[in-house]
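What follows are several structures.
Same chain, two partners: chain A is paired with chain B first, then with chain C.
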Partner chain A sequence: MKSNIRALYFLPYVLWILLFVVVPILLIIYYSFFNIEGTFSFENYEKFFTPVYLKMALSSFWYAFLITAFSLLIAYPTALLLTKTKHKQLWLLLIILPMWINLLLKAYAFLGIFGTYGIANHFLELIGVGAKQILFTDFSFVFVSVYIFVPFMILPIFNALEKLNPTLVDAAKDLGASPWITFRRVIFPLTLDGVKSGCQAVFIPALSLFMITRLIAGNRVITLGTAIEQHFLVTQNWGMGATIAVFLIIAMVIIMFLTGNRK
Partner chain B sequence: MNRKWKVSNIYLIIVFFILYAPIFYLIYYSFNSGGKMHHFENFTLDWYKEVLQNVRLLIIVLNTIVIALLSAAISTIIGVFGALAIYSVKTRRVKNTLLSLNNVLLVSPDVIIGASFLILFTIVGIQLGFISVLLSHIAFSVPIVVLMVLPKLQEMSPTLIDAARDLGASQWNVITKVVIPYITPGIFAGFFMALTYSLDDFAVTFFVTGNGFSTLSVEIYSMARQGISLTINALSTLIFLLTILLVIGYYFITLRYNRPGRLGGRK
Partner chain C sequence: MNNKTIIRFEQVTKKYDDDLPVLDNVSFEIERGKFYTLLGPSGCGKTTILRLIAGFTEPTSGTIYFNGKNINHVTPNKRQVNTVFQDYALFPHLNVFENVAFGLRIKKMKKDIIEQKVKDALRFVNLSGYEQRNIQEMSGGQRQRVAIARAIVNEPEVLLLDEPLSALDLKLRTEMQYELRELQRRLGITFIFVTHDQEEALAMSDEIFVLNKGKIQQSGTPKDIYDEPVNRFVADFIGESNIVAGKMIQDYLVEFVGKQFECVDKGFAPNEDVEVVIRPEDLEITTPEKGKLKVYVDSQLFRGVHYEICCYDKDGNEWLVHSTKKAEVGDEIGLYFEPEAIHVMRLEENSRIGVADEK
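== the complex of A and B ==
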């Protein structure tokens, strides 16, 4: 009787794990060993280590790093100041709200703002700099990505700051630490976990999102994600796409290993 | 002290301004009769009319909602089973393995989920379209349901189950009459999250949707790639309002159920 019921709820879940978690990963790895003609080879891996792909991978990492760094730079002070406001929960809700808006719409808004006649150029003319090509540049890509990812960075840092015992900060002050020393030696180290999970939440999508690059950066920026999408849906070279996906998975595991010490 | 307060407030105001400005920019120009996202000419509701009269778009909206509701319902069922399964495992290693496998899809980038599901569906021979999109939405919503339900199970006092058994409840009764009612808030939260995951998803759907079938975000993407059209602005405004309603609804649901003192559910 007991085992019957257990089987009832184990079966669908385990089936789900096998079909949609284990098998897809194995399929990606399997496909990475087939070249475009469909014969088994290591061709894709050899191709990945040619300068073209290595450069693409490196620049993708560089952009992801920039996006993460800027997000952190903006998010940490925001989170810190948020914890000091009166109606914390309300402000937090206001920060979270944009997270729920489809990122395509947010990216689309910037098509208008950064456009040739958009408000950004209008502003530049007003202060005398003159209109510039903003859309389809590295700057617009990094800016829009940071805009989209900042809330994902604020949230874990805010939570970590909330968990911080305020008496520790008081103690540091009593012992004569300046605000900066208190921050550097007490607050920041104790909220490092939040920073790490924030970086994780930003870095991995920054490596892999292809719609922002497509919409905002034209074809100037190619991230790992863009390359995968390109190979799967445009050039139909699934093997090469799968190979890049394998490297993206490896990168992801390394990042999670570096940033994850929770539990 | 006062000066410091001011600087920090200005910083927060700037952050909030930048966070919300693009959204309101989008909404503002949805009323522009000029047809561009600059130079506001006259107030008009034409773009909203266009959205509401566009049959193709309405069918896509309907598709999106059907997919979201169906996938959320099915993934909630599987997710609750999953949470019960993980909860019932007593060996620590098995439990951790199950949890890690559960979280794989949550941390995987969308492109990888999309690409691998595309391979999977092609190999199995499922035609790309409604079924493939539905299956993948169910697949990526299951883990979040598990994560929403599991904490509720873990905070449930095991004495409740013991008491039910002592009073002669069968295993089935224990689950349907004791466990499920207790974890209902978690189930609702999971359903809600699954719903928003499905409504929000673009990348995975983009990979597994065929030619004939489209969801709202895929449609918006293909429209946006062709440049600016204020129809998208009008559509975004409507979606934005719906999103706010959903978030507020979700907020109140969690507020209502998380009130302390329910069923002795002490944290």
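== the complex of A and C ==
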């Protein structure tokens, strides 16, 4: 009787996972085995291993890597600084605040800033560099992505730093460690879990970006994300789109496994 | 200052955020090769003194000297001092060997020298063979030894120990008291040991600083402090005491509970108001006629080696007696004591001046 009630409690979650996780994944795998004419084949998989798609995959990984790396470079020092400030909760809030703003709005805001007649170019003219093409470049794409993802990197690192026992830092100094060695030998290794979570939270979404890619990078950057969008919405080749999605899912699972905390 | 002095505090005051000072104008000297104990209740500033010596915090005013040099602004990694932290602060991501080797690796010593020194240090604390263990796999007592090994392997001139025994159970604690004392003798370096446990302080130290409210109340050998507490706080904190108000009639004659008694104290103003301390173990039970004091037995507890007997005199003063003889609750008994058992103290507010005069 009791176990029946418990099973009942689990029902909504099981249903949810079935309906919104398992079924969609199965559907994607199912669709990936149909070519554009609607006949069953391995054509899509063969196509994926041609240079066009492999290059696309490589560039997806490369951009996701760049975005993650720059986010980490910015987020770690920021988080470290945050833990040392007086009103850290307030500062943290200010940093998280942009996370609550819609992604599209932020992207459009950057269109204005980076546009030919935007503030950025105004500034460049003012300091004598002259107006430049900023939009639709690798730089603007990575810059905007990093701006959007940085809070997701700061949060887990900040939490890890807060959890770090401060006497361990004292102990390192006591044993003769300079601030840099203290960081390298004690602070960083002990906050590595936070860094991993942050990288996971940035790398995985960055891998499948397409909205920012479209808006900010135009046709400059073609990634797996934009390719999926193209196949589903433009060329109507659902099979190929699904195949790319299968590979993305596999990549994400591998990344989660690599960065996960095995405890 | 003599050439034995290794650390000197000169009028050191430490404040956090404009509050009351945590340390209030503290001055003292630490000599080479001795076992010192900072003793006082929780919150009196013991850890703060250690942090000032280690360099984790700077004095608000005053100067700290190490080997005669002002070290107020020297960072902790440049000081010849190592600390055994209260919670041990062992690095959880490193094994026992790497924890102990931490300081040596920073000094960029050769690999085989590091190996040798770590081995020796671990042998010193009876942990040979535990090199590859994780910190999480070590018991409280073992962790504490690792913390000690990690500190002494750097051959510091001064070792600071912040209540290192407080997390251990009684048996292990007593064992470690012997081991620490023995360790200090073998190493021959200065230990500054922090505790709030007066028995521990008395058992282990060459010299004790009794602290309260950010001030050093008294410093001296355990015997000095036990036998001649300078004020009520010290008398109360170091062991159980009977403390009553009194008056110093003249040298060697003190009056309390309405009677005059011969004593061994002198140097007070005639008729100066004082406080009188008599330790419970210095009181002897006898018949009411033979006793110097007449009291009624109120309650009695058996404590193993002695009975703890609580009595009241007719003025309502409480007298605690430790005696191997049993008493009967409700009986009138006499208490006898020798003149040497009486310790006369100046009143609390004058006590500091009293200490200064002696020196």
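Basically, the second predicted complex is superposed on the first by the 248 of 263 C-alpha atoms of A that agree within 3 Å, B and C clash if a C-alpha of one lies under 4 Å from a C-alpha of the other, contacts with A are read in each partner's own complex, and residues count from 1 in each chain.
Following the convention adopted for this analysis, contacts are C-beta pairs under 8 Å (C-beta built on N, C-alpha and C of every residue); 3 or more make two chains touch, one makes a residue touch a chain.
Small disclaimer: the values here were computed from a predicted structure and weren't measured.
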Partner chain in contact with A:Pro12 - chain B first, chain C second, else both or neither: first
Touched partner set for A:Ile25, first chain B, second chain C, both or neither: first
Partner chain in contact with A:Leu209 - chain B first, chain C second, else both or neither: first
Partner chain in contact with A:Leu190 - chain B first, chain C second, else both or neither: second
Per-residue touch tally on chain A - higher for chain B or for chain C: B
First, second, both or neither for A:Asp170, with chain B first and chain C second: second
Which of chain B and chain C A:Leu73 touches, first, second, both or neither: neither
Which superposed partner A:Glu229 touches (first chain B, second chain C, both, neither): first
Residues of chain A that lie at the interface with chain B and also at the interface with chain C: none
In the complex, chain C residues that touch chain A: 54-56, 75-77, 81-83, 85-87, 89-93, 102-103, 106-107, 150-151, 154
Chain C contact footprint on chain A (complex, rising order): 165, 167-168, 170-178, 181, 185-186, 189-190
Chain A partner contacts - residues on chain B that touch it in the complex: 8-9, 11-12, 15-16, 18-20, 22-23, 25-26, 29, 36-39, 77-78, 80-82, 84-85, 88, 98, 101-102, 104-105, 107-120, 123, 136, 139-140, 142, 170-172, 175, 196, 200, 202-203, 206-207, 217, 220-221, 224-225, 227-228, 232, 236, 239-240, 243-244, 246-247, 251
Touch list for chain A against partner chain B, complex: 1-2, 5-6, 8-10, 12-14, 16-17, 19-25, 27-28, 31, 74, 77-78, 81-82, 84-85, 91, 93-98, 100-113, 115, 117-119, 122, 147, 150-151, 200, 204-205, 207-211, 214-215, 224-225, 228-229, 232-233, 238, 241-242, 245, 248-249, 252, 256
